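Here is the structure we will look at.
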Amino acid sequence: MVIVLKPHTAREARDQFIKELECYNGVSAHITEGSMVTIIGLVGDTSKVDQDFILAHDIVERVTRVQEPYKMANRKFHPKDTVIALKNGLTIGGDQLVVMAGPCSVESKDQIIEVAQKVKASGANILRGGAFKPRTSPYSFQGLRAEGIELLLEAKAATGLPIVSEVMSVAQIPFFKDVDIIQVGARNMQNFELLKELGHLDKPILLKRGLSSTIEEWLMSAEYIMSGGNEQVILCERGIRTYETFTRNTLDLSAVPVLKHLTHLPVVVDPSHATGITWLVEPLAKAAIAAGADGLMIEVHNDPARALSDGAQSVKPEMFDGIMTSLKRYADMEGKHF
Amino acid sequence: MVIVLKPHTAREARDQFIKELECYNGVSAHITEGSMVTIIGLVGDTSKVDQDFILAHDIVERVTRVQEPYKMANRKFHPKDTVIALKNGLTIGGDQLVVMAGPCSVESKDQIIEVAQKVKASGANILRGGAFKPRTSPYSFQGLRAEGIELLLEAKAATGLPIVSEVMSVAQIPFFKDVDIIQVGARNMQNFELLKELGHLDKPILLKRGLSSTIEEWLMSAEYIMSGGNEQVILCERGIRTYETFTRNTLDLSAVPVLKHLTHLPVVVDPSHATGITWLVEPLAKAAIAAGADGLMIEVHNDPARALSDGAQSVKPEMFDGIMTSLKRYADMEGKHF
Amino acid sequence: MVIVLKPHTAREARDQFIKELECYNGVSAHITEGSMVTIIGLVGDTSKVDQDFILAHDIVERVTRVQEPYKMANRKFHPKDTVIALKNGLTIGGDQLVVMAGPCSVESKDQIIEVAQKVKASGANILRGGAFKPRTSPYSFQGLRAEGIELLLEAKAATGLPIVSEVMSVAQIPFFKDVDIIQVGARNMQNFELLKELGHLDKPILLKRGLSSTIEEWLMSAEYIMSGGNEQVILCERGIRTYETFTRNTLDLSAVPVLKHLTHLPVVVDPSHATGITWLVEPLAKAAIAAGADGLMIEVHNDPARALSDGAQSVKPEMFDGIMTSLKRYADMEGKHF
Amino acid sequence: MVIVLKPHTAREARDQFIKELECYNGVSAHITEGSMVTIIGLVGDTSKVDQDFILAHDIVERVTRVQEPYKMANRKFHPKDTVIALKNGLTIGGDQLVVMAGPCSVESKDQIIEVAQKVKASGANILRGGAFKPRTSPYSFQGLRAEGIELLLEAKAATGLPIVSEVMSVAQIPFFKDVDIIQVGARNMQNFELLKELGHLDKPILLKRGLSSTIEEWLMSAEYIMSGGNEQVILCERGIRTYETFTRNTLDLSAVPVLKHLTHLPVVVDPSHATGITWLVEPLAKAAIAAGADGLMIEVHNDPARALSDGAQSVKPEMFDGIMTSLKRYADMEGKHF
């Protein structure tokens, strides 16, 4: 941590401040004095030192953290890739490429089983489907909720595909007992009470990036889950909010190699939500693999024009089949298989 | 709602699509045909028409909503300002200017009572204080939680000031029985399960703007609460996320007159969280009043350099006293009083 | 400047690097060594040290500048406010409040003289008008160009108001001989060749903030002009680009007190371009004065619905007259006069 | 174009407005009337209709353009890909993949010739190098300017590689007589006076995306050049400004397939400037090809730690050689060759 003092700080105030800093266990402070500026370098275990606490001192002009504030998610402390194994043997984060495909919302038994069979036939290895739906408008379809989870489990039974679905509150967690991966949506990335509870489960969590979250904040949210004991976190880039209006969000593919550098956790990409446009799914799915992603999440609906949510970004099963053919060639190139 | 069809759409596909649109009760469709473009104007009650559903049709190029998707929060349907009255008679949204002042976190009985007395003496009419704290890091102080609420109630008893504090989950709601205003933080603005529950209370809700929420999304979140039956919603602008790094967020003061135009709900401004810098609080608080705000939320701490959270942006009681003197003159100018 | 080295950097590489750093005249380096991190504090005159040059060393993880990279624009070196005096005695940056009002584009002699007379009658003290117009589309009206400047000069002769108009290229500078203030538009804020040329003039330059420029970049552009010898720079906040779409841009009023803190240069605010909506001009103009602005730029057109550019944001003379009445009261409050 | 009128607009005002609209040649207006809203659909050649002009009418609430405002750059009017041929036979926009490699700044004859030979040996087919340099600080190295162009021409003579270099003002254009491709930098994307001049040349222009430009604004800038007569425009995505601070900018790879959809012009990607980090160049260059880019621009410097600009993002020739090997496999996959 680096602290810059205001110009003309009195020596006594400075010395008093340094004494205070050294009250932190295992932290030591070193002064670099210039004519216009005084810099204090703070080294040791600074993860407990609160930046706001430092800044609140009148003599401080600026504070910069130079070490990452996350530990369990940090590749520096865990150099080896985390590989998460599902019950059916599928692994995420290793040399298998996961494709999570399915409808935005589960709508009926027929719909979800039909989609599940088709995406499986095309090579998808996980079924996605929304039961509890975060909708901007209170007047929009809110999902089949508990019943939707039941239908997903029937589709799992029918096809053998593991399932992933989104949880929106602590009270809903019990419904997810047999769900293979619990998704935390972008709007809940900093729902800390929810993250804490998920930290007590023994189940993989797919953590989507918040609409305007920095990579560091995202890793701090992963740290919330991990520090509770659950180290099975999968990160999912799904586009960030920018000024550009042509696409729904701006897919940040540089986040993929950046995350692979900073953390040992698996990284998947959701081009459907990122762009909101079906014809962008294929080129960006290919690009995601090329950038090093461990998997993809793709919305597939048997009848997008009758979908109860997000029809605009759902590809049809035939289109998905074409996408998978093309993705397989890219996976090969990256030494990965489905 | 306006729908633009793709060029060269077949007449039958178009007619079939229009039939489908007119299945919505009370909606009628009118065609404007040009050489390069076909536009469908959809009028009537389009609030139930799902934009995504429309976009998912292959023949559709673009959809634009031309009426606001919110109703209860919409000034067009409720031209008169909403004025919320607290039990002690204080009103929000009328000609009283509310100032909610107090520490970021409640830390001890002495601290909160001391701050409460001081801000009251300076003219604040509501006490703020965090009990349940949303912190980016799991390793930071998470608030005194239920005990913090108790201490706030003691400060309320000691000073007579109504209190406002943040709720972070449905499970915490019971602790807020005697809290005067429940705050929803920026990170929970789209925590829809929480909003729904708050919609069933008979208590004012202070809804902070999400870090990267549009004004329309914000009003849709207000609509979630209102459509549940609770129409006492206060909107709080607290800065949005932009590329600028000098301030913690960018305070969007144009949101104040824009909201006053679009909605009848009261609007307050939080310059402390918006900027993260104490010396910016006064000029921006004055500007907020000039822009038409109904109130302010300001962080005040008796000893910022020892605050357990957000010390950097907390002003000291003496500084707050000076700010209040200056705000009173601006309130006068706008025909408001404390 | 603070440099963080990569973990496990060899001692020799580090020492070699420090020797290199100390080749800069008047710079000295101090090492703070922790178990996980090595920090080098660089003090002295680091304004010539290139951050990119440092970062390009393999052993460097991160570099942070702790001193502002601008000097002539820096209040630390010039604590006193710069007050710019025009030929007619009007001052900018002192206790006079300037209001630059007029049409987006100069369209005809009658139009510009009529508007000039009306805004003068309402209290404006500078006439604005666009002759060379930056338009997004090559098919839009590009301004009357040199002829527009002639008409502005006629309006100046008729009313005695000093004039401000935008320059778009070095080749146009000669036309501005008798223009009182030359404006650099947002899109040219980093047109460095133009800034250099303007640095050789003896004439006030109104430098608008770029659409997505940080405050620091903006001050560096002011520094370009000042380092050429022309220290008469006026900064104009005109809204930044964010994800919010209701207003054309997001007016960043916190920039006003931030600039007053960082620099001694005058600061004016343009609520017309920032919002693009006439009914937002008055509340935001008042807020700008409350935030500490030295002046305003407001678009006024005698017949907005027939304006050749930006009619949507132009107020009519009568509305402007009402705005001025209200602004005078705010100016009084801030101890300023017109 | 779609125009929404304010509620309760008088019939006469509406009819008068429609008459005005129909004064535009070849434009016709159709009314859709609802109980709460009146929509006017405007069809025909609306490219000359000014949105601001419409909005300035008191009775208008909102205007939306439904047809693209660009024509010459629009794929709807020119379905076939534009393929630009350089004098040495290299083509851009067809099935050749172009790689423009070289240093940020030309620094000396030895440097530029050495880099040119090395990048050519690795497979690059165009040499890039900055002579006129846009630098944020007036105190940074501003490039060798005219002499830099001379050195580039020597490197071209020595290696046979065509060259691309950035122009910063109209006055510099004569120096580019023998330069193969003229680059317009991000900061000049809306320097309209420069674009107009470049429109009169018979030479390919590489137009970088502005730091916060929408795709539509970018295409309008291409339209400026094309409407002057020069249709040889190459678009270069180089990252946009967002709130994320880990990378210098956020590379918007969805822009690649979006542009391929909207326009017939070639699209290249610059991962070096977008990220500012050498180890991100390879994964994002691969991703760019997967997303459909026609080429890449990559910074290569023989000695980055001594580069006079942007050393931090320059790869060394050996690293570049490895990147090229990997890119060739991706090019093959997309049916492209160097």
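All chains are identified by letter, namely A, B, C and D, in their written order; residue positions are counted from 1 within each chain.
Convention: a contact is a pair of C-beta atoms (placed from the backbone, for glycine too) under 8 Å apart; a residue touches a chain by one contact, two chains touch by 3 or more.
The model shown is predicted, which means the values in this text are computed figures rather than measured ones.
> Tell me which chain's centre, taken as the mean of its C-alpha atoms, is farthest from chain B.
Max centre-to-centre separation from chain B belongs to D.
> Report which of B-C and C-D is connected by more C-beta pairs in contact.
Answer by contact count: C-D.
> In whole angstrom, how far does the Cα centroid of chain B sit from the Cα centroid of chain C?
Comparing mean C-alpha positions, chain C is 31 Å from chain B.
> What is the distance in Å between the mean C-alpha positions of chain A and chain C?
39
> Centroid from C-alpha atoms only, then distance chain C to chain D, rounded to Å. What do you get?
26
> For chain A, which residues are shared contacts with two or more other chains?
Answer for chain A, listing residues that touch two or more other chains: 212, 241-243, 245.
> For the complex, give me every residue of chain B touching chain A.
Per the touch definition, chain B meets chain A at residues 47-48, 50-53, 55-58, 69, 134-141, 168-172, 187-188, 190-194, 196, 211-212, 217, 220, 223-224, 227-228, 241, 304-314.
> Inside the complex, what are the residues of chain B that reach chain C?
So the residues of chain B in touch with chain C come to 212, 214-216, 240, 242-247, 250-254, 256-258, 261, 274-275, 279-280, 283-284, 286-292, 329-330, 333.
> Using the touch rule from the top, collect the residues of chain B that touch chain D in their complex.
That would be residues 2, 4, 7, 28, 30, 32-37, 39, 41-44, 62, 64, 66-67, 76, 212, 241-243, 245 of chain B.
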